[in-house]
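Take a look at the structure below.
Note that the chains take the letters A, B, C and D in the order they are written out, and that residue 1 is the start of every chain.
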Amino acid sequence: MAVDRKAMRETIARRAEKEIQSGDYVNLGIGMPTMVANYLSEDKQVMLQSENGLLGIGPYPSEEELDPDLINAGKETVTAAKGAAYFSSAESFAMIRGEHIDVAILGGMEVAENGDLANWMIPGKMIKGMGGAMDLVHGAKKVIIIMDHVSRNGTPKIVKECSLPLTGKGVVDRIITDRAVLDVTDKGLVLKEILDGSSFEEIQEATEPELIKE
Amino acid sequence: MAVDRKAMRETIARRAEKEIQSGDYVNLGIGMPTMVANYLSEDKQVMLQSENGLLGIGPYPSEEELDPDLINAGKETVTAAKGAAYFSSAESFAMIRGEHIDVAILGGMEVAENGDLANWMIPGKMIKGMGGAMDLVHGAKKVIIIMDHVSRNGTPKIVKECSLPLTGKGVVDRIITDRAVLDVTDKGLVLKEILDGSSFEEIQEATEPELIKE
Amino acid sequence: MKQIFSSPDEIIEGIEDGATILVGGFGLCGIPENVIQALVRKGTKHLTIVSNNCGVDDWGLGLLLEKKQIDKIYASYVGENKEFERQVINGELEVELVPQGTLAERLRAGGAGIPAFYTPAGVGTKIAEGKEVRKFDGREYVLEQAITGDVSIVRAHTGDTYGNLIYRKTAQNFNPMIAAAGRTTIAEVEHLVEAGTLDPHHIHTPGIYVNRMIEAEQENRVERRTVKEA
Amino acid sequence: MKQIFSSPDEIIEGIEDGATILVGGFGLCGIPENVIQALVRKGTKHLTIVSNNCGVDDWGLGLLLEKKQIDKIYASYVGENKEFERQVINGELEVELVPQGTLAERLRAGGAGIPAFYTPAGVGTKIAEGKEVRKFDGREYVLEQAITGDVSIVRAHTGDTYGNLIYRKTAQNFNPMIAAAGRTTIAEVEHLVEAGTLDPHHIHTPGIYVNRMIEAEQENRVERRTVKEA
């Protein structure tokens, strides 16, 4: 059975959108997290931050609006939303590090049951750099990781201990996958929601650490 | 003989003005140092910095120009010069601490032969605070202290060791008094100029540490 | 949208006795005068105040002093105020003097999630006593820690309904750092406008730092009136 | 008045082989493209470059890479560039990856006379290896040091003859911190105007940080052209 990856990503993005409250300041990571913006309810007043120096990311521009001086942290051309502000990258990370961002939604390679996150390098593969991820995971009030529940070869990405180099230690609050929503707590990983109709046991099967029933 | 204090201050301010080159960024302390601006040659292009957050202090305002939102570090109403910029006090002291100010001209209570400066408190008297002085003495590329050569009761203010609490250790480059110009060097205090027609010996008499002839 | 208040007495709701309050302004320039007066009216006590100065005897933070609402103050210069002197001498008021650049940077650090930094200011003086001094590249620096507050009160010239602030001339001073360093930030603005009307290039304090806003008329007192000779 | 140049080849005079150069921009946005090209033409070698990214294969700092003029680079993300990868694998290029916020803050510290500061970013990761880790209020932070350079090269939208700079939209990015962190700062501006014509409230980089200026037309390439579906 071919997995419909596009549908999986949409499931994750739609579920992640629910983490955002009206009035929140939100940073969406590069890649799948950027998609969450497409599903943002119009009832919510949300300001998206871009770590290069913009508070208030708007939609992608039309051909006429396209401006090389206006990009997001993924280097995509964007527009500025109503009430936006431009500033330097130092101010941008002051904002992040100073815990002014309510929610950061980032991608993940591995998350450990204690909240450790690995999402920036695979030894042996070319290092591209961590960008702003190491700052974001310590700065945002709530750090949500969205990723596939298991890797392409079926091994768990939610693990007892990360095997990949860490982005941050004990930084993840919540994990949203195509199959489930899990919270990192002092007692361990709590399975909050099942998104694909599986049983608790089936989710446990695909997850390395022992899960706690909500 | 009554000392003409006004003339003394003018002598000092006029001599201090010569320390400023065209193109310099200059911070003038509160009190007598502020007077130096009155003697600035029009041939020099100089930007005066005010540590509350202004680069480019202009002259005092007319009655019509007077603006409560535009003051200098001494809290006097001022104007902004051509090409001025406003910024926060954090930016202002980044500019100072980061050694971007060419010359700071400050008042002094005592200067020691090693360049120690005391100019902010007298034990037993009410403490008013150091304001920006402790930042300025470490930040400016050249720190010039202007003061009377001796105290009102005739004791030297240029001393072997400061008796008053320090503003900064080894921070003074040059001292300009009503009587002389002295440089702090690795070898000791060098008498560079005599301003009042005294002999070397007469200046030495009024100065605690041993002076070196230029 | 931010919480917009019309009464300074309501905007200070929740500020408890014993709170640490960071207050913008330099001398009497750019101070949130209406919110300060609301605190005076309410009589909130045992305050710790962080502000570059402490007003004058009959204006600004001097009004809080007069009613003995302040237990401790962090400032760089407090020489404008007779009541201040009296309370310090009588041991009614504790004062911690901080070099002005260090105060600005400690507040910036507080808002920016930097717990501590090194600075040359104060090395070899009373200010460095009891603090770590460390050499970098052969030069000595003192370790200074961030300052944060329960509440920040700032004053801006223009604010929009998303909390974006623009300061006017040197009334900017400590306000931007203080806006970022408080857990709750109250902005008193001279002009409140709709979000979307300000140029995003001109904003000094992005709205993310601001929680509550009030539009209020300013008396804008001048501390040292100096004019050129006619 | 600042030194105003008309030729990018002349404005880079004095930049020696082995220099440390700080370069503004984020991706290809807000990069001083004409001054970079002058360095390529001159062939200055053994450079240490500090910049958030390293251009793409045929533009920006990628042009310096192509001619093997860079020995070492400090950056937060370098994934856009095949030649970069090749040189790192062959040991021709040394790279030090710095978290983006830490890079921005280390550069700010460099310009602001702060030799070092503590940050949470990187604690418990490779980035903190060999660095001091210290607790403040029960939380761990890593000590990071300031970055300064022999030369800074920035790009602004408008500059005046006193060196005041205004950036446009997100082309601001790392430029203000880099302008302050170099011993000599070169500003490439799209529009040069007379001093006195800019509003003092709108200036992002006060002229004190700038030494040399040039007005130059920008190609302004787009790295990731994304438009909404019609």
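Methods note: a residue touches a chain if its C-beta (ideal position, glycine included) is under 8 Å from a C-beta of that chain, and two chains touch if they have at least 3 such contacts.
Composition by chain, UniProt nomenclature: A, B = Probable succinyl-CoA:3-ketoacid coenzyme A transferase subunit B; C, D = Succinyl-CoA--3-ketoacid-CoA transferase.
Predicted model only: the values in this text are computed from it and were never measured.
Listed here as common contacts of chain A and chain D: C. Ranking B-C and A-C by contacting C-beta pairs places B-C first. Per-chain CA centroids place chain B at a distance of 28 Å from chain C. One finds 33 Å separating the Cα centroids of chain C and chain D. Separating the centre of chain A from that of chain C, both taken as means of CA atoms, is a distance of 36 Å. A separation of 54 Å divides the Cα centre of chain A from that of chain B. The set of chain D residues that touch two or more partner chains comprises 105, 108, 112-114, 119-120, 167-169, 200-201.
Among the residues of chain B, those touching two or more other chains are numbered 80, 86-87, 93-94, 96-97, 138-139. If touching chains are joined by edges, the resulting network of the protein chains shown has some other shape, matching none of path, cycle, star or complete graph.
Interchain contacts (touch definition given at top) occur between A-C, A-D, B-C, B-D, C-D. Per the touch definition, chain B reaches chain C in the complex via residues 50-54, 59-63, 66-72, 74-78, 80, 86-90, 92-94, 96-97, 116, 126-135, 138-139, 165-170. Residues of chain C that touch chain D in their complex: 105, 109, 112-120, 136-137, 139, 141, 145, 166-169, 200-202. On chain A, the positions that touch chain C within their shared complex are 23, 25, 45, 47, 49, 55-56, 80, 82-87, 91, 93-101, 138-139.
Chain contact summary for the complex, chain C toward chain A: residues 1, 108, 110-114, 160-162, 164, 180, 195-196, 198, 200-201, 203, 206-209.
Interface residues of chain C facing chain B in the complex, by the touch rule stated above, are 26-30, 52, 75-80, 85, 88-89, 95, 97, 99-102, 104-105, 107-108, 119-127, 157, 167-177, 204, 220-228, 230.
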